[in-house]
Amino acid sequence: MNFQSLINSLQYIKPEIVIAVVIVLVVTTDLIMGKNKSLLPWISIAGLIVASFFVIEQFSFKAVSSNANGSIGMITADPFGAFFKIIVIVSSIIIVFFSLSSNEIKEAFERHGEYYTLIFGMILGMFFMISSADLILIYLSIELLSLSSYILAGFTKHSLRNSEASLKYIIYGGASSGIMLFGISIIYGLTGTTNLYLLNSFFHLPQFGGFIFWLACILIFAGIGFKISAAPFHFWTPDVYEGAPITITAYLSIASKAAGFALLIRFIKVTFIDSVDASGYWQLLNLIDWKSFLILISILTMTLGNFAALWQSNMKRLLAYSSIAHAGYLLLGLAVLSDQGLIAILIYFAIYAFMNLGAFFVVMIIANKIGSEEIDDYKGLGYSMPFLSFSIAVFLISLTGIPPTAGFIAKLYLFIALVDAKMIAVAVIALLNTVVSLYYYIKVLKNMYLVRPEKEMPAVLVSPAAFAMLIVLLVPIFLFGIYFTPLVNLAKSSIGLMGF
Amino acid sequence: MTLETILFILFAGIAATTSVLMITRSNIVIAALFLILNFGALAGLYLLLNAQFLAVTQVIVYAGAIMVLFLFVIMLLKPEHERSIYKIPGMKIFAFAIAFLVFVQLAYLILFSSSSEKVSPDVQASINAGTIETIGRELFTNYILPFEAAGFLLLAATIGALILAKKKIE
Amino acid sequence: MLTEFGKIFIFMLTAILFTVVAIFVARLIRPARPTHEKLLTYECGEDTIGSPWVKFNIRFYVVALIFLIFDVEVVLLIPWALVYQQFGVGGFLVGFIFLFLLGLGMAYEWRKGDLEWIRPELKHSVLKKTKTEKQILKEETVA
C-alpha cells in the first residue's frame, strides 16, 4: 500500500495537528498536575501561537490533499481557509484571556482542564470545518464543534438558566445535524461521492436537478444555517447566548459563526460553481437558485434579528439578536455571489470579531462588578465607570456602523458590493435595518449616560489586565476605521479558494 | 420465492410490527423492549443488503449500548406520569401529519426517483463494499482523517458526558 | 446470495425460533388455571409493597453513557483489527492514535474518580479499630 501521498498530504493539516496535540497536552497536564491548573491557559496560548505560524504558512498554499490511491482528498489548504483560521485563532486567544478575568469561569476552578480541552475541541472542529472538502469530514467537524459547545454552554455549575441553555442547544443542534446528515445521504445516494470537487464535476452532467436534489441542498443548508444562526434556524441563539457563560457566548458569536460561514462559502462556491467571469462574478450551475434563496434568508434573518432586539431588556439577549442580524448582513455579502462580495465578508468578519468580542468583554466586566446584565441596571454607569462605558459605547457604535469606527468600513464595503451587483432594493432594505439597529444600540447608551441611577454608585476602577485587554480590542476599531487599506489588501489576497 | 425474499418479508414484517407495537404500548419499558426487537430485525435487513458491518454495528451499538442507556434513563426519570402526553390536544393529528409527510417523501424517493442508477455505474461494487474488510481498507486509506477526528469527537464526548452528569450528582 | 454472515444469521435465527416455538408449544400444552394469588408478582413469597418504579442512581446513567462511547470506539476498531496488518507500521499508527485517545478518555475518568461509586459512609465507630490484636489477645488471656 502506498502511504507516500498520505504522508505528503500531512503538510496541509499542520495547524490541525498542532491543535490536536494541544488537546492531548491539556488533558494530560490536567490529569498529572491535579489541583494546579495555572499552567493550562498558557499551554493553550502557546499552542495557538504555534498553530498560527502554520496557518500563516497556508496563505501561500493553494492545494488539496490526496488519497492513498492519488484521488482528491478531503482537506484543502488555501488563503481563504487561512484567513478564517486566523480569525478563529485570534478570537480564541482573546477568549482565553477573557476566561482569566471571568468570575463565572473562576468559580468552576476544578473544571478548568475540561474547559480548555473542550475549547480546543471546538477549535479542532472549526479548523476542519474551514478546510474540509468532503461532506463526511464536514459532518464530523460540525459534530465535534457542536458537541464541545453544547457542554461549554452548560459549563457553570449552579445556574438553572445555564442547564436550560445547554439542553436547548443539544436538542436543536441534534435535530439540525440529523437533518443535515439526511441531506448529505441523499446527495451521496444521487452521486455516489461525498467529495465537493467530485460533486462539482458530477453536477456538470445534464441529468441533475429536480425536487430531491433541491431538497437535499436545502437540508444541508439547514445544518449550516443552524451554526451561523440564519433566520428559520436561529431559535436557539437568544436562549443559549443568555444562559451560557459569557466567554462562551462571545466565542460562539464569533468563531463558531466564522467557521460556519467559511463552510457555507466553500460548499456553495466549490460545489455549484460553473465559472468565474472577468469581473469576479461567480456563474453558478443552474441547479438551485442560490442567489434568490440567500437573499430571502438574509433579509429574513436581519429583519428578524433587528426587530426582536428592540424589545430586549437583557444585554446578552440583545447582543444575541444583534449577532443574528449581523449574520443576515454577512449572508447578503454571500448572496452577491462575486469576489467583491467575498472580500466584503472577509473584511466584515475581521472587524466584527473585534467589536463583538469587545462588547461581550465589557458586558462581562460590568456583570463582574454590578452582578447584572439587565440594561435597566446600566443606568448612570457612564459616570461611575467612565472608561468601561466609553468602550462599550465605541463597540456598540461600531456594531451599528457609524464612522469613524471600523464597523462603518465593514458595512461600506458590503454596500458597495451590493450596489455594484445592482442589488439596490436589497441594499435599501439592509440600510433600513441598520437604522432600526441604531435604536436599540443607542437605548443602551442612553441608559448609561442620560438616565440618573436611582442610588448613587461609587466610582469603580478597571483592573490593569482588563484595561490592557480593552485597549487591544479598541485599537483595531479605530485603526481599521481610519486606516483600513492593509485589512482590505489582506482580504483581497485571501479570496483564493482551492480550485477556483 | 428465494430464501432472500422470505427472509426479507420475515424481517420487514417483524420490523414493521414491532415499531407499531412500540409506539402503542402504554408501559414504556415494554415499548423499549419492542424497540430492541425492531433493531434486531433492522440488523437482519442490513445483512440481506450485504451490509455486514452496519448489521454488526446495529446490534452492538443500537440494540446493545443505546438500549441500555434508554432503559437507565427510563428508570432514572420514573416515567409514571408520562402517559398523559396523548392528552395534549392536536398531538395525535400533528404526529400523523408528520408521519404522513415522511411516508410521502420516502415513497417519492423510492418510486419516482431513480437517478442513482443513471449516475453511479458500479452498483454491484457498492453492494460488495459492505464487508468489514472493505470498510477497514477504506477507513485506513481514504478516511484516516475522519477516523481520527471521530477519535477526538469521542474523547470530547467522554469528557462532556461526565461534566454534564456530574452537574446533576453535585 | 448469502455471505459468511448469512450462515451465522441463519444459525441465530434457528436458535431464536427454537426458543419461541418452545415457549408457544408449552403455552398450548400446559394447563392454565390462574388465580389471584398466582398472578401476583413473586417477591420472595411476600406481598409487594409500593411501586416497582424506583428512581435509579444517576451513576448508572453515567456508566451507561461511558459504555456507549466505548462501544462506538470498539465498533470502529473492529475493521482496524482486521486489516491493519496489510498496511504495516502506518496502519498500526493510525489505530494506535485512536487507541491512545481512547486510553486518554479512560485515564480521565479514572483520575477524576468517575469510576468510583459513592459508597455509603460507614459510621465512625464501626470502622475504627479501638484495640489492636495484641490487646485483644492480652485481654483474652487475662480473662
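By written order: A, B and C. Residues from 1 in each chain.
Everything that follows uses one rule, which is that a residue touches a chain if its C-beta (ideal position, glycine included) is under 8 Å from a C-beta of that chain, and two chains touch if they have at least 3 such contacts.
All figures in this text were calculated on a predicted structure; none of them were measured in a lab.
Asks: Compared with chain A, which chain's mean CA position is the farthest off?
Replies: Measuring from the centre of chain A, the most distant chain centre belongs to C.
Asks: Taking contacts as defined above, which has more of them, A-B or B-C?
Replies: B-C
Asks: Please compute the C-alpha centroid of chain A, do the same for chain C, then give the distance between them in whole Å.
Replies: 43
Asks: Rounded to the nearest whole Å, what is the centre-to-centre distance of chain A and chain B, using the mean of the C-alpha atoms as each centre?
Replies: About 33 Å separates the centre of chain A from that of chain B.
Asks: Any idea how many Å lie between the Cα centroids of chain B and chain C?
Replies: 23
Asks: Would you pick out the residues of chain A that each touch at least 2 other chains?
Replies: Answer for chain A, listing residues that touch two or more other chains: 1, 6, 27.
Asks: If you look at chain B, which of its residues touch at least two other chains?
Replies: In chain B, the residues touching two or more other chains are 141, 144, 148, 150, 152, 155, 157, 159.
Asks: Among the residues of chain C, which ones contact at least 2 other chains?
Replies: 86-87, 91, 101, 104, 108 - these are the residues of chain C that touch more than one other chain.
Asks: What does chain C use to touch chain A in their complex?
Replies: Touch list, chain C to chain A: 86-88, 90-91, 100-101, 104, 107-108, 111.
Asks: Would you tell me which residues of chain C are touching chain B in their complex?
Replies: Chain C residues touching chain B: 1-3, 5-6, 9, 51, 53-56, 58-62, 64-69, 71-76, 78-80, 82-84, 86-87, 91, 94, 97-98, 101-102, 104-105, 108-109, 112, 114, 118.
Asks: Any idea which chain B residues touch chain A in the complex?
Replies: Going through chain B, the ones touching chain A are 108-109, 113, 115-116, 118-120, 122, 126, 141-146, 148-150, 152-153, 155-157, 159-160, 163-164, 167, 170.
Asks: If we count contacts the way the header does, which residues on chain B are in touch with chain C in the complex?
Replies: Residue positions touching the partner: 3-4, 44, 47, 50, 52-53, 55-57, 60-61, 64-66, 68-69, 72-73, 75-76, 78-80, 131-133, 135-137, 139-141, 144, 147-148, 150-152, 154-155, 157-159, 161-162, 165-166, 168-169.
Asks: Which residues of chain A touch chain C once you look at their complex with the stated criterion?
Replies: 1, 3, 6, 24, 27-28, 31
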